[in-house]
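Once you've had a glance at the structure underneath, I'll fire off some questions.
Chain nomenclature is as follows: A, B and C, assigned in order of appearance, with residue numbering initiated at 1 for each chain independently.
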Amino acid sequence: MLQIESLAKSFSGFQAVGDASLSVPRGQVVAVIGPNGAGKSTLFNLITGHIKPDAGRIVFKGREITALPPHQVSRLGVARSFQLVNIFPRLTVFENVQVAVLARLKQSGRLFTPARRLVVQETFEVLHKLGLKTSSDRICSSLSYGDQKVLEIAISLGSSPELLLLDEPTAGMSPEETRTIVQLIKQLSQREGLSILLTEHDMDLVFDVAQRIMVMHQGRTIAEGHPAEVRRDRAVQNAYLGETG
Amino acid sequence: MSVSMLASQLLVGLSRGMIYFIVAAGLTLVFGVLRVINFTHGSFYMLGAFIGYSVAAGIGHGSAGFWLMLVLAPLAVAGISLLVERGFLQFVYRREHLIQVLLTYALVLIAGDLVKFFWGSQYRSLSTPPIFTGSFATGSITVPKYNVFLLLVGPLVALGLWLFLSHTRFGKICRATATDREMVDILGVNSTWIFAAVFALGGWLAGLGGALMAPVVNISLGMDANTIIYAFLIVVVGGLGNIWGALISSLIIGVGEAFGALFMPDWAVVLPYIITGVLLILRPSGLLKSVW
Amino acid sequence: MSMSWLDRSKEKTARVIPFRPILLVSLLGVAALLPPILPAYYLYLLTTVYMTALLATSLNFVLGYGGLLQLHHAVFFGVGAYTVALVLTKTTWPFWLAAVLAPLVAALLAAVIGWFCVRLRGLYFGMLTLALGQLVWAIIYKWRSFTSGDDGIHGIPLPGLVSSPTSVYYINLGVLVVCLLILYAVIKSPFGLTLVAIRDNPVRSQSVGVNIKRHQLAAFVLSGFFAGAAGVLFVLIEQSVSPSLLYWSKSAEILIMDLLGGMAVFLGPSLGAAILVVLSMVVGTYMDYWLLVMGLILLLLVLFLPQGVLGYLQELFGRKTVQGGERDAAN
């Protein structure tokens, strides 16, 4: 589904990502782990086109998407959710998702049809899937933090992606809320057949949901493989797992 | 068209650019540190000219009046801008850009009518002081003495600003605030008095620009509107908040305008806008690095 | 850039109030009945209000809903007016052609200016609109042989059908209503929803697949079109044009109207335009210091009522509903 080959990016001399490689097979959950500052967020930004790489290739479904602008990457079927809550705060829950659905169906430019009559079905489907249907009329900045993170994922699903990038989906969440997210990730991957690439600090979660793990350290890929292999990897233990205990 | 004519026009353009720089430097400094688009800057310039007129006319049109005006007018304007900052601006720092723009624009309207109230709506003019009347002639190049004076003052102000910003504690704090706001809070510097002082310094520069221009222009209502637009263009072209960018673009626009007046006098007014447009299209974020 | 007083959610509150459409239709009915009973001066005043309301609303489309810091909107207004004036004085083309051409020319100019501006964000966007707008002003100001320069063009010949004060009144009212309905429909359309989404969160909009530059450019062109239409109305009312129509301080005046009425409410700018037009005429006849008055009004607004008059009224009203309560929690 997604292949990344020796991607590199520096910011004014500081190498944020250097020689990162990764592959996400169709329908699998892949986790990128690594200490803070390992370059995980930069890697995500490179994949979605928010930042252009200095070197390397990104291939999605056999097509090179390196350095495409974000809206085109999105239209090809890559959606992301953000580490911090990144929603449209003054729109309703429904409208938040609707914006994404409209963009996917290339309806964003329609000038005279009332928006509330368009793509209602598709939008409710997503809301229903994530249990947000009852709050669809609420202004989303009035939702709880956990619900906002769920909405964050809902917006991404509104693009009906084949590959979903989740940047620390459970950051700042209560254990209860975290369990909901874990359920959600499993559901999306197993029932919907979605490929998911995520970063996460919660190791229990990572080893629970991921079929493959890639470990980043100082911008480089130092290991990639099945969770069990990664757990055994000496370099990983030294670089990362050892440090955090 | 002789070479000497071009050369003297170049000098006139450079001296005009220096005035633009003095005014624009204040604007860009306020941009950089306070992050406020200050439309009132043009009014400060106008006030500098009017107050300068009153001082010089009060003393008599001699040299003493001129020098005193150059000292007093900018100081008075700095005082006024300090009042403006403490009285109004400090309440909108956390608000949207648009609100800040409109607040400073409200002050433009008020200042305009106050000037009309105190000085009336007919225009005033000052003569150049005796020591600067006439022209310097070197070979076949002739330049009015007053322009030569401006050519000296401009770099002096630039040098002063540079020394101030890079060699004083206050200046360093200003630059730090311009590049990274949180830094200053972390350093434990009280940003309130920095903002006030920078705004007053900006006002001082605008007032100085107005006072320096007073002997060579018609001092009139409406001189604020033209000046503020020019200053904006210069600041944007130079890179928001970057004083050296403002210096370069001031000189480009001053010289461009002077040559425009020579080659196509009817279109001299359009030229600064064309220069700005072209420069912005080539370098949308300014000639030098913006601090934003 | 966050603009917290631009809150679309208030419109939701308004939708549950059944008498709002009734109120608007009755207002319209009253407006339609006024010409026979109103003295000429007040008729002229109202006509000017309608024209200005369209201008202010066209700005608010990009400013309030699009979140674009458009600092020089008057350019499109002035270019629309100049297009009509030049066509009617320099060609033998009929009036209707001039009236159709004007908004299109304004939209074309908006496409050119917007093409450069949408590459920039926030303040830089605003500065570039200002610079390019002033360039257009300078050209019209200086191109004496074509535009008559700072003299302006006066006594523009209008066909008899559109030159009586009563017919001008009805044309202004009709054009205002039609244009506002169109703009309202656009705001409620997917295009409008996406525009608001971009304003709220450009990065996120991009990552759900919205081409934000193209979208903002389209909005910019649309708002230029309606400003051009207001320019046509101006010529109908005044039968003259001058470069001051597109000087930057005119743009500032339109900004003040939007802020005064309230940028989060669709009809806010119209109310702001009405207040400012009426005030300027009333105050202008009694004293020399109209700008001082306008400055003080603006100062008070900025410091104490940034949501605008209509925004404030809706807030007062909205508190009573469930949605209003939610909104308070949201802020």
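Simple rule for what comes next: a contact is a pair of C-beta atoms (placed from the backbone, for glycine too) under 8 Å apart; a residue touches a chain by one contact, two chains touch by 3 or more.
Since this is a predicted model, take the numbers as computed values, not measurements.
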Taking each chain's C-alpha mean as its centre, the one farthest from subunit B: A
Most central chain, judged by mean C-alpha position against the global CA mean: C
Centre-of-Cα separation between subunit C and subunit A, whole angstrom: 41
Computed distance of Cα centres, subunit B from subunit A, in Å: 49
Geometric centre distance via CA averages, subunit C-subunit B, whole Å: 32
Shared interface positions of subunit A, touching two or more other chains: none
Complex contacts: residues of subunit A adjacent to subunit C: 48, 50, 69-72, 74-75, 79-80, 82, 86-92, 95, 98-100, 102-104, 107-116, 118, 137-139, 141-142, 155-156, 158-159
Subunit C - residues contacting subunit A, complex: 6-9, 12, 185-186, 188-194, 196-197, 200-201, 203-212, 215, 218, 326-327, 329-330
Complex contacts: residues of subunit B adjacent to subunit C: 37, 88, 91-92, 95-99, 101-103, 105-110, 112-114, 116-117, 225, 229, 232-233, 235-236, 240, 266-267, 269-270, 273-274, 276-277, 280-281, 284-285, 292
Complex contacts: residues of subunit C adjacent to subunit B: 1-4, 63, 69, 71, 116, 119-120, 122-124, 126-128, 130-132, 134-135, 138-139, 141-142, 144, 247-249, 252, 255-256, 259, 288-289, 291-292, 294-296, 298-299, 301-303, 306
